[in-house]
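Structures are listed in the sections that come next.
Next come two complexes, and both contain chain A; in the first it sits with chain B, in the second with chain C.
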Partner chain A sequence: MALIDLSKKEVHCKVVYYGPGRCGKTTNLIYIYNAMSDAAKGKMLTIETKGDRTLFFDLLPLNLGKIGGFDIRIQLYTVPGQTIYASTRKLVLKGVDGVVFVADSLKVRKTKNIESLQDLAVNLKEHGKSLDEIPMVIQYNKRDLVSSPIPTLSIEEMKRDLNPHNKWPDFEASAVKGVGVFETLREISKLTVKYVAKKHLLIK
Partner chain B sequence: MGDLVLTTAKLDAIRAQLENNLIAAGIHSVLLVDSAGNIIASCGEHMQGIDIISLAALTAANFAATSQIARIIGEEDFSLLFHKGKKDSIHFAKIGQDYILISIFNDNVSLGVVRLKVTEASQHLRELLN
Partner chain C sequence: MNTSENSMEQLTQEMENAIDSLFTPIKKIEIDPLTNEIKGEDVSPKTEPTPSTPTTPGTHDSTSTSELFAHNTAKLPLPLQNALREFYQSLMTIEWEIAVPHIQKARRLLDELSANLTADQIEHTQNVMTQMADILAAIEAIPLNQAPSHSPKLLLNLFDVLERILTSDNMTHEKTIAMAAPLAHELNEFFEYIERIQQDIPFQMKQAPVTGVTSQTLASAADMARDLQRPMSEQSLPNLQLVPETEPPVSSKHFLPSTPEAPPLLQETVARHTMQLGRWVDRLDALEKILSGVSGMEKLLAFHRQLKQDMAAQERLLSQAIHKPVGHVVSGAHSEAQEAAKPPQAVCPWRMLARTEWWGKRIAFPQEYIVFEGKLPWGRAKKLLSKDSFPLTMLKKWPWSNIRSLLGGSLASLNESQLKTMTFPILVSPEPPPSIIITEPSVLILWNPELSKGCVILADSPSTPFKTDAWTWKDASAKPFFTGVLQKNDDEIHVLSQEIFS
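What follows is the complex of A and B.
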C-alpha cells in the first residue's frame, strides 16, 4: 500500500523486484545503490545469509524528488527467487505498488521465468491484487551473455513467453554492467507514482 | 490491506497519543509502522540516531516470520513480541491487522509499565487508524 503523508507532503511507494532465483534482482539494486548520489538514496538493507542468494529480502529506499509539491519516496525490495521460499515472497509483496519482473536470458532458465511470472500472479491474487491492476515492467536481464558461448534465449522468444501481448513495457538489460537498469527503474517509478497518484486523485 | 492517507490532523492526534502515553512514561523511542513496512509516525529524541526505514521493514518481516511460528503451534498470530538487549530492549505490539507499534526502552522502565502503556495507547490508536 502506498502511504500518503499530507502533513510532510510525502508519498511512499513500494516497488518489488520479482523473478526466478539468480536472475539478478539484487544485482539491480546494488547497481542503483552504487550509482545514485548520497542525497537521493537511503541505506541499503540486506539480510546477511550464507552464499549470495537472498533468503529474506533486500531493501533500498530512494528519494525521487518532487511531483506536484509531493516528495516521492520509493522503496525497492527484492524477493528470494528460489521456488521453496514462496511464503517469504508472498510477505514481501504485501502492500506492493509496482513490480519489476526480472527475467533470466539463459536458455536453461526458460521454464523458471514462466513459472515465476505465474507465481507472481498467484501471490498478488492472495493480496487481492492482479497483474492487470498493478503497474509492471519486464526486464530481460543478462543480455551481455548473448555474445558468449553460453546458450541464451532470443528477445522474441522471451517476449513470446512473458509478454506476448506487449502488455507491459520491457527493457533489455545487463544488471552487472548497469545497462538498462536505470531505464527500468525510471519506467517503473513513473508508472507507480502515476498509479498511486491517480488512485488518490492527487493528479487527474 | 488498503492505502492509508494521513491528514495532518490525524497524524497530530497519533503523535499526541505516542507522546502522552508512551514517551511520557519513559519509553525513549516509539515508532508506528504498517505491516508492509511503511513508517507512519515516530517520536522520541533517540530516533535521530536510528535507521528507522530499515527498522520498519525488518519489523514487518519479523512479524510475518513469527506468525508462521505461531501457526506451527496452532496459534493464528502473535500479538506482541519482545526482544531484550543489554542496554536497550524493544517491544512490538500489533494494532489491529495492519499496524505495528514499536517501543524502545532502557532499564529505567519496567516491561510491565511498557506493556500497560502500550495496551492503553493501542486502543486509542486503533480508533484513530480505522
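What follows is the complex of A and C.
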C-alpha cells in the first residue's frame, strides 16, 4: 500500500522492477538514475551486493513535486532475480503499488521468464494482491541482441508466453542503451499514481 | 460526472503531465555491458530514444552496482577503488539495518581501506577516517536500539568527504578541514548523544541480565579498551622493551580481562570509560592537527596537548587497573633474561605517533614529547637556522610574555624563572642537508620528562598525529637518531630514538 502521510501531505508510491536474474532490472534503474535530471531524482541506493549480483535490492526515489497539494514521490525498487533469493523478493513486494516485469529476450531464458512471472503472482498473492489488481507493465529487454548471433526470442513468442491477452502495456527495450527505459517508467508511473490516487486519496 | 470525479480526473491529469515532463532523459548515455561504465554522456535535452532499431550486439551484464554512485574514483589505484566500494557497500548495509555483524564488517573494511592508502593520503584522510571509526565503534558499543538513527547518514556524509579528499588534486591540510567542517556540528551532536547513552548503560546493565546483544556490545568495549591500552602504555622511550607475553593468547580470554578481584560490572564500566577516554584523545588529536598549523594558536595548542596527555594518562591508569597488559613497557635497564625473551617486534611499539618532515625526511616520535609547537616571527626564525641551540626565551613575543603558558607537558610545571634559563640543542640531521631549506620552519620543542632533557627540531611542516596500525615496523636502532622505520607500500617514516636527548 502506498505510504500516505497526511500531516506532511506526502504520497509515496512503490514500483518494483521484477524479473528473472540478469534480465536487466538494475540496469533500468542505473540508466534512469544517470540520464535523468537531478531535479526529479534522489540518490540511488544499493543495499548489500555480492560481486555484481543484487542480493537485497536497489532503490531509486523519484519526485514528481507538489500536485494537488500533495508531494508525490515514486520509489523504484528492484529485487534479486536469482531463484535462491525468494524471501527477499517476497519482502520487497510488500506494499507494492506497481510492477514492471522485465523479461529477458535471450532464448535460453524463456522458461526463467515464465517462472518469474508465476513467482510474482504467487508472491503478490501472499501479500493479498493479484496481477489483475496491481498496475503492471511488461518490458521485453535486450532487444539489441536480436541482430546478434545469440539466439533470442521473438516479440510474438514473448507476448504469447507472458502477455497472451494483452492485459498489460508492454515495451521493447534495451536497457544498456536506454531504449524503452523511460517509456516503461512513464507508463508504470502514470498507472501507479492513478491507482494510488483512486484507491487511497479521497478528493473533496 | 460529479465534482469528486472531476477533481480526481484533474489530479491524475496533473500527475501525468508531471510524469511526462520530468521522467525524460536529459542526456543520452550508454552502459558498457563489460565494464559497467557509463559512456557517451552527450547532453541532448529532452531527446528520448525510440524503441525501434536494433543496435550493436553485445552481452548484457545488467545488475551492475559500480555506477550507482557518481563517484569519481577512476583515477585511484584499483585496490583502493575496490576497498572504497566495499566499504561504501557496508555503510549502505548499515543504513538498511544497524546490526552488529554489519558494523563489524564495516570496521574491518575501514581498516582494509586504510591499509590501501599512501602516507600522504593517510595524512589527509586521517581525521575523517578516525571519526568514522569512532562512530562505528560507538554504535557497536551501545545497545542497538539506542543507536542514533542518523548515524548511517553521518557515516555516508563522512564517506563523501573521504572520497572527495582522495579524488581531489593538490589536497592540502586546510582543504581537508574545510571539506569536513560542515559536518562538525552533526558530529558533535552524535558524540554528545553517545556519551549520554554510555552514561546510562551501566545502570541498565544492573537492571537486566546480560543479553546476547549486550554481551557482544560489552565484548566490543573490552576489545576496544585493550586496543587502546597498547599505545598509551608505551609513550615513553624508543629503546624500551616489551616484556614477553605471559598471558594465554588473547583469543582464549578475548571477552573480558581476567582480574578476579574486579567484578564484571566494574570491569565493563571501567572498560567503557577507557574507551571513552580513548575517543576523546583521538578527537583532541584532530583538533591538535588543526591548531598546529595556525600561527598565534600556540597557547591553545599547548592547553589541548596537556589536556590530551592527562586523558591519555587516565586512560592508561584505568586500563592497567582492569587488564593484565598484553605487553607492557618498562623503562631503563632490564635483565638479560628479559632481553633474550623479547618477542620479535613486527608492530610499532606505539599506536599513535606524531609525524613531520625534517630536512626533507619523514620522521615520527611519540606525541607526548612535544611541549611546544609553533612558528616564530620571520626574522627570529631565520636567525635560528644559523644557531645550534634554542633558549626558551626565544618563545617570548614581548619582554613581559610568559613562557610557561606556551608550553605543555611536564615542562609547563617548571616555574618561569627556571624556564627562562633553559636552552635546548637544535637537532642537526646526521644526513646531508636537503637542497631546499625551509626558511620558516615549525619549531618543535621535545621534552623527555624521565631524562629531564629536551631538544628542538626545526621541522619543515607542522606535526600531525597518526595511527601506526597500518604500518609495519622495522628495527633501525643501528642508525644514529632513529630507533625504527615504519613502512607501508613505498612510504617510510623514521622514528626518532631517545638518542636525540643525549
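Definition applied: the second predicted complex is superposed on the first by the 197 of 204 C-alpha atoms of A that agree within 3 Å, B and C clash if a C-alpha of one lies under 4 Å from a C-alpha of the other, contacts with A are read in each partner's own complex, and residues count from 1 in each chain.
As a working rule, a contact is a pair of C-beta atoms (placed from the backbone, for glycine too) under 8 Å apart; a residue touches a chain by one contact, two chains touch by 3 or more.
Since the model is a prediction, treat every value here as computed from it, not as a measurement.
A.B. asks: Label the relationship between chain B and chain C on chain A in the superposed model as either fit or clash.
C.D. replies: Clash: chain B and chain C overlap once superposed on chain A.
A.B. asks: In the superposed arrangement, which partner chain does A:162 touch: chain B (first), chain C (second), both, or neither?
C.D. replies: neither
A.B. asks: Look at A:91 in the shared chain and tell me whether it touches chain B only, chain C only, both, or neither; answer first, second, both or neither.
C.D. replies: first
A.B. asks: May I ask you to decide whether A:45 touches chain B, chain C, both, or neither, giving the answer as first, second, both or neither?
C.D. replies: both
A.B. asks: Quick one: is A:176 in contact with chain B, with chain C, with both, or with neither? Answer first, second, both or neither.
C.D. replies: Second partner only, chain C.
A.B. asks: Residues of chain A touched by chain B versus by chain C: which partner has the larger set?
C.D. replies: C
A.B. asks: Quick check on the superposed pair: does A:14 touch chain B, chain C, both, or neither? Answer first, second, both or neither.
C.D. replies: In the superposition, A:14 contacts chain B only.
A.B. asks: Touch check for A:124: first (chain B), second (chain C), both, or neither?
C.D. replies: A:124 sits against neither chain B nor chain C.
A.B. asks: In the superposed arrangement, which partner chain does A:61 touch: chain B (first), chain C (second), both, or neither?
C.D. replies: In the superposed model, A:61 contacts chain B only, not chain C.
A.B. asks: According to the stated criteria, A:197 is in contact with first (chain B), second (chain C), both, or neither; which is it?
C.D. replies: In the superposition, A:197 touches chain C alone.
A.B. asks: With the two structures fitted on A, what stretch of chain C runs into chain B, 133-141, 349-357, 439-447 or 493-501?
C.D. replies: In the superposed model, chain C runs into chain B at 133-141.
A.B. asks: For chain A, what residues appear in both contact lists, the one with chain B and the one with chain C?
C.D. replies: Shared contact residues on chain A (touching chain B in one complex, chain C in the other): 43, 45, 47, 56.
A.B. asks: Over in the complex, which chain A residues touch chain B? Could you list them?
C.D. replies: 1-7, 12, 14, 42-43, 45, 47, 56-57, 59, 61, 75, 77, 87, 91-92, 94-96, 127, 196, 199-200
A.B. asks: If you look only at chain B, which of its residues touch chain A in the complex?
C.D. replies: 1-8, 11-12, 34-40, 51, 53-54, 57-58, 60-61, 64-65, 68
A.B. asks: Quick one: in the complex, what on chain A touches chain C?
C.D. replies: 21-27, 30-31, 33-37, 39-40, 43-49, 52-54, 56, 58, 62, 64-65, 67-68, 72, 81, 141-150, 171-180, 182-183, 185-186, 189-190, 193-194, 197-198, 201-204
A.B. asks: Spell out the residues on chain C that touch chain A in their complex, using ranges where they run on.
C.D. replies: Answer in residue numbers: 4, 7-8, 10-12, 14-16, 18-20, 22-33, 36, 38, 41, 48-52, 54-69, 89, 92-93, 95-96.
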